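Each structure below is given as structure tokens.
Each of the next two complexes has subunit A plus one more chain, namely subunit B in the first and subunit C in the second.
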Partner chain A sequence: MRPSLVLAAVALTVAALLPLTLDPAGYLIRVLTVTLLFAAMSQAWNIVGGLANQMSLGHAAFFGIGAYTSTILLVNYGLSPWIGMLAGAALGAAFAALVSVPTMGLRGHYFALATLAFGEVMRVIANSWPSLTGGPAGISVPFAPDSLLMLQFKSTLPYYYLMLAALVLVTAVFVVTKAGALGYRLRAVKENPDAAEVVGVDTARVKTIAAVMSGGIMAALGTAYAQFTFFFDPETVFGLGPISIRVALIAILGGIGTAAGPIVGAFVIIPLEELANSWLSAGTAGLSQLVYGILLMLIILVQPRGLVAPVEALAARWRTRRAR
Partner chain B sequence: MSAPVATSPGTEPLLSVEELHAGYDAADVLHGVSVTVGMGEFVCVLGANTAGKSTLLRSVSRLVPRSRGRIRFAGTDLMALPSHAVPGLGIAHVPEGRHVFPDMTVEENLRLGAFAVRHDPAISGRFDGVLRLFPRLAERRRQRAGTLSGGEQQMVAVGRALMLGPRLLILDEPSHGLAPIVVDELHRAFLDIHAGGTAILLVEQNTALALSVASRGYVLESGRVVLADTADALADNPRVREAYLGI
Partner chain C sequence: MVVIQALVDGILIGGVYAVVSIGLTLVFGVMGIVNFAQAEFLMLGMFVGYLAWAWLGLDPLIGSVIAFAVVFALGCVVQHTLIRRVLRAPPVAQIFLTVGLLIVIENAALLGFGSQFRSVTTPYQTSALRLGDLFISVPYLAAFLMSVVSGLALWLFMNRSWYGRAMRATAQDGMAASLMGIDADRMRRIAFGLGVGLTAFGGAVILPYFTVHPTVGAQFVVLMFTVVVLGGLGSVAGAIVGGQAVGIIQSLSAMAFPVQLQNLVLFLVFITVLALRPQGLVGGAR
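Moving on, here comes the complex of A and B:
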């Protein structure tokens, strides 16, 4: 068996058994649930950011579309969030295809800025359309008794497993995509777009497919988030800092373009944020943000290629030794 | 010998560019350029740095956003095609500046060159042919292309183009920035490739070298063809000798 598979199996077993040792209504399991969700979101971002090398700073647009679509369908028509999730994913994918048209020719910073603008536009729209979204006051998921069909539970435990399943699924999509024909083309586009085009890779099409996959998954995760928190407003789902920059940062810090990167990144960043907030927020205002920022800078300085980079290097050396 | 030399009269040339105007953003770089390459012919394009040589080659591969005029290749209208559809017709383009895929191995780079014809059973034979042409690539097969020397990267770029089994090989400044000994090696390879029946359209700053390998040439100045003749005649032309050969 490949060592990465063994590692994944061990991590999954630990993740599956861990909640049994925790208070199901406690604080720790909530932090872990959010961590798993952000790992999945960052993994979805990784399809565009890591495989296609398109540094999107607007992924909140898709996330928010998913959260609002399922919640609005639930509030107005009583539709199950599962149906809402599919509708949201379809809308998120369509929006990703739409955004791909004007941003296709943009590279590097220009792409990042254009996507950032699209995310912000969605936030502004959600804020200024209260008849549909509830506006800045936010929107609540109507209360329902525990039910898998309505994706609503009093305990955090089912949500923990929901997010874990989502993370496993998104990671599987990422791994299969990366190893497959699409991943091969995306790699060519990422490494040298001009050369990719002259060998016959339709770079625009390949990038659009990646964006559509990523946007659709991100929207589905938006529904999962909405059902988990019961209440959200435009800032929490369309926010630049809370969503767009965070999911990019998690993948970059963990190891962009690798399957383990977003997972490792999320398990460092989200708990770190929580710790900084809970330990330091009682003290001087802003101190927690300062400490959090300094820690992030330290990690980037010490390990600029991502936290999983040394492990990857070790694995690569092990493979070449075995190949001899 | 001052009139443009036609290629085997009566038959359509492999590549014909007529009245091409092309450019980026605001200004045109080419102002009505006409160029032909016959079946299996070796043609070079000479000119100063901003004459529009790269723009001409990139227009053929449909990489120039704004272009009008006629470009036909083996009976197909290239102007109607997107750039990624061009290699499938048998046009392999080695872009200026050694465009390899840096994090892929030499072998992966070469195999990607056959992407447009990936179901062609001749690919594995071509792969062996490239390694025979550039034995150094055989030694570096599993090495990342980004770690190779400049000359070796150029060999990867040329080898990748050959993986297509092209009918026309477009070479944009292949010896730019390379040591003389590597340049010689590359140009010997180009002659080998040409001897195998592949037509070549070469842009080269090194005029003497280009005229020594090509059979026909064009001189571009400010986006217009000012001279078109056989390579020998161009090498004897006083204007070429003074402006480009420095004699």
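Moving on, here comes the complex of A and C:
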């Protein structure tokens, strides 16, 4: 068995058993649940950002679409969030396809700029369409008794397992995509788009498929988030800082383009943020964000390949030494 | 008449947008880096102008010179300590380094100045010149004239001085410029300082009609990028045309749409231009 598989199995076992030792309505399990959610979101971003090397700064657009679609369907028609999640994922995927049309030919900075603009467009729309979205005042998920069908629970524990399942699923999608034909095509596009085109890779199609997958998954996670927090507004789900930059930062910190990267990144960033927020009083708003920004710059300057890279290098050295 | 009035306002505001965005385009032109943090330097310029008014009693139009000087110096430091290190790095590093810088500056300002809105009072704040049926707002006009002067000064600097020529040489080919005895690192330092300094200058001259707070930059990010993308990234002449265009689009759309949707119009223009002509409407020449 490959060491990475062993590691994954051990991590999953720990993750599955850990909450049994925690207070099911406590603070710690809430932090872990948010961490798992952001790991999954960052993994979804990784499909576009890591595999296709397209630096999206607009993934909040898909996330918000998912959160609003399921919640609006639930509020207005009483539809189960599971159906809302499917509808949201479909809309998110469709929006990703739509966004792909004008951004297809853009590379590097231009792609980042265009996706940033799309995210902001969605935020502005959500803010200025109160009859549908509740506008800047936000929208609440109507209360329901504990039920799996309505995806609503009083305890945090079920949400923990929901997010864990989501993370495992998204990571599986990422790993399978990376190892499959699509992954090889994406790698070709990433290394050299012109050469990829010459050897017969339909770069536009490959990039669109990656974007659609990523956008659909991100939207489904938006629904999970809405059901978990019960309340959100345009700034929290369509926000540039809270979502778009954060999911990218998590992947970059952990190791962009690797399956472990977003998970490692999320388990460093999210608890760190929580610690900073709980240590610093409300009067020093901005300090945790400041630390956040400094951290981002430090990673870029010191270890641009992420935290996973040195560990992998070490493991590779250990293997070759043992083989000798 | 209403349309002409909107056009006049648009042109006057657009002049400031042009100067603010020239800074962004200058940084890209010389270094090939898109500075996502550029709008934060505008916010810093506004705060320097505000403090110069609050502490020294200086009019923001004079304070703008101080804002330029302070932010120019800060820009040189940022270039030397941060930007310089990612000049040859892949775009992901360049994008996220400046995004990190954006977060740091915004939150440092939040910590330093608090989140409240501040504004200056000037004797000419609400006065307007009357030209027939047209009203020309004095603060708009003053900001516009200051922008024109600074734009001309930059043009003279870039085209008539040794530094300007050396900077353009560095932009064209850093290696060749170095071989000609130009200190390319120093030129890039000055270029970044000039770029963010000009943006800060533009921030200070709009103080008579714009309130300042630590997150004001967010209102300008897409606006500035729209201006430079319209004109072509790296093109100073393009930024001037783009600035006018964005000013006019904004004041015309203000007549048709509620305030929240004005930005939407701008976003759509931005995305359309990016998709159809990422090299800018004015043309590839820079």
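We adopt the following convention: the second predicted complex is superposed on the first by the 293 of 324 C-alpha atoms of A that agree within 3 Å, B and C clash if a C-alpha of one lies under 4 Å from a C-alpha of the other, contacts with A are read in each partner's own complex, and residues count from 1 in each chain.
By definition in this document, a contact is a pair of C-beta atoms (placed from the backbone, for glycine too) under 8 Å apart; a residue touches a chain by one contact, two chains touch by 3 or more.
None of these values were measured; they are calculated from a predicted model.
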Dominant contact partner of subunit A by residue count, subunit C or subunit B: C
Subunit B versus subunit C as contact partner of A:Leu249, first or second or both or neither: second
Subunit B versus subunit C as contact partner of A:Val6, first or second or both or neither: neither
Which superposed partner A:Ala195 touches (first subunit B, second subunit C, both, neither): first
Subunit B versus subunit C as contact partner of A:Leu132, first or second or both or neither: neither
Contacts of A:Arg187 with subunit B and subunit C, given as first, second, both or neither: first
Touched partner set for A:Pro102, first subunit B, second subunit C, both or neither: second
Touched partner set for A:Ala25, first subunit B, second subunit C, both or neither: neither
Those residues of subunit A which subunit B touches in one complex and subunit C touches in the other: none
Complex interface listing, subunit A residues touching subunit C: 53, 55, 57, 101-103, 105-110, 112-114, 116-118, 120-121, 124-125, 127-128, 241, 245, 248-249, 252, 256, 284-287, 289-290, 292-297, 300-301, 304
Subunit B to subunit A touching residues, read off their complex: 61, 63, 82-88, 92-93, 95, 99-104, 112-113, 115-116, 157, 160, 164
For the subunit C and subunit A complex, residues of the former touching the latter: 34, 82, 85-86, 89, 91-97, 99-104, 106-108, 110-111, 115, 214, 222, 225, 229, 258, 260-261, 263-264, 267-268, 270-272, 274-276, 278
Interface residues, subunit A side, partner subunit B - complex: 184, 187-188, 191-192, 194-203
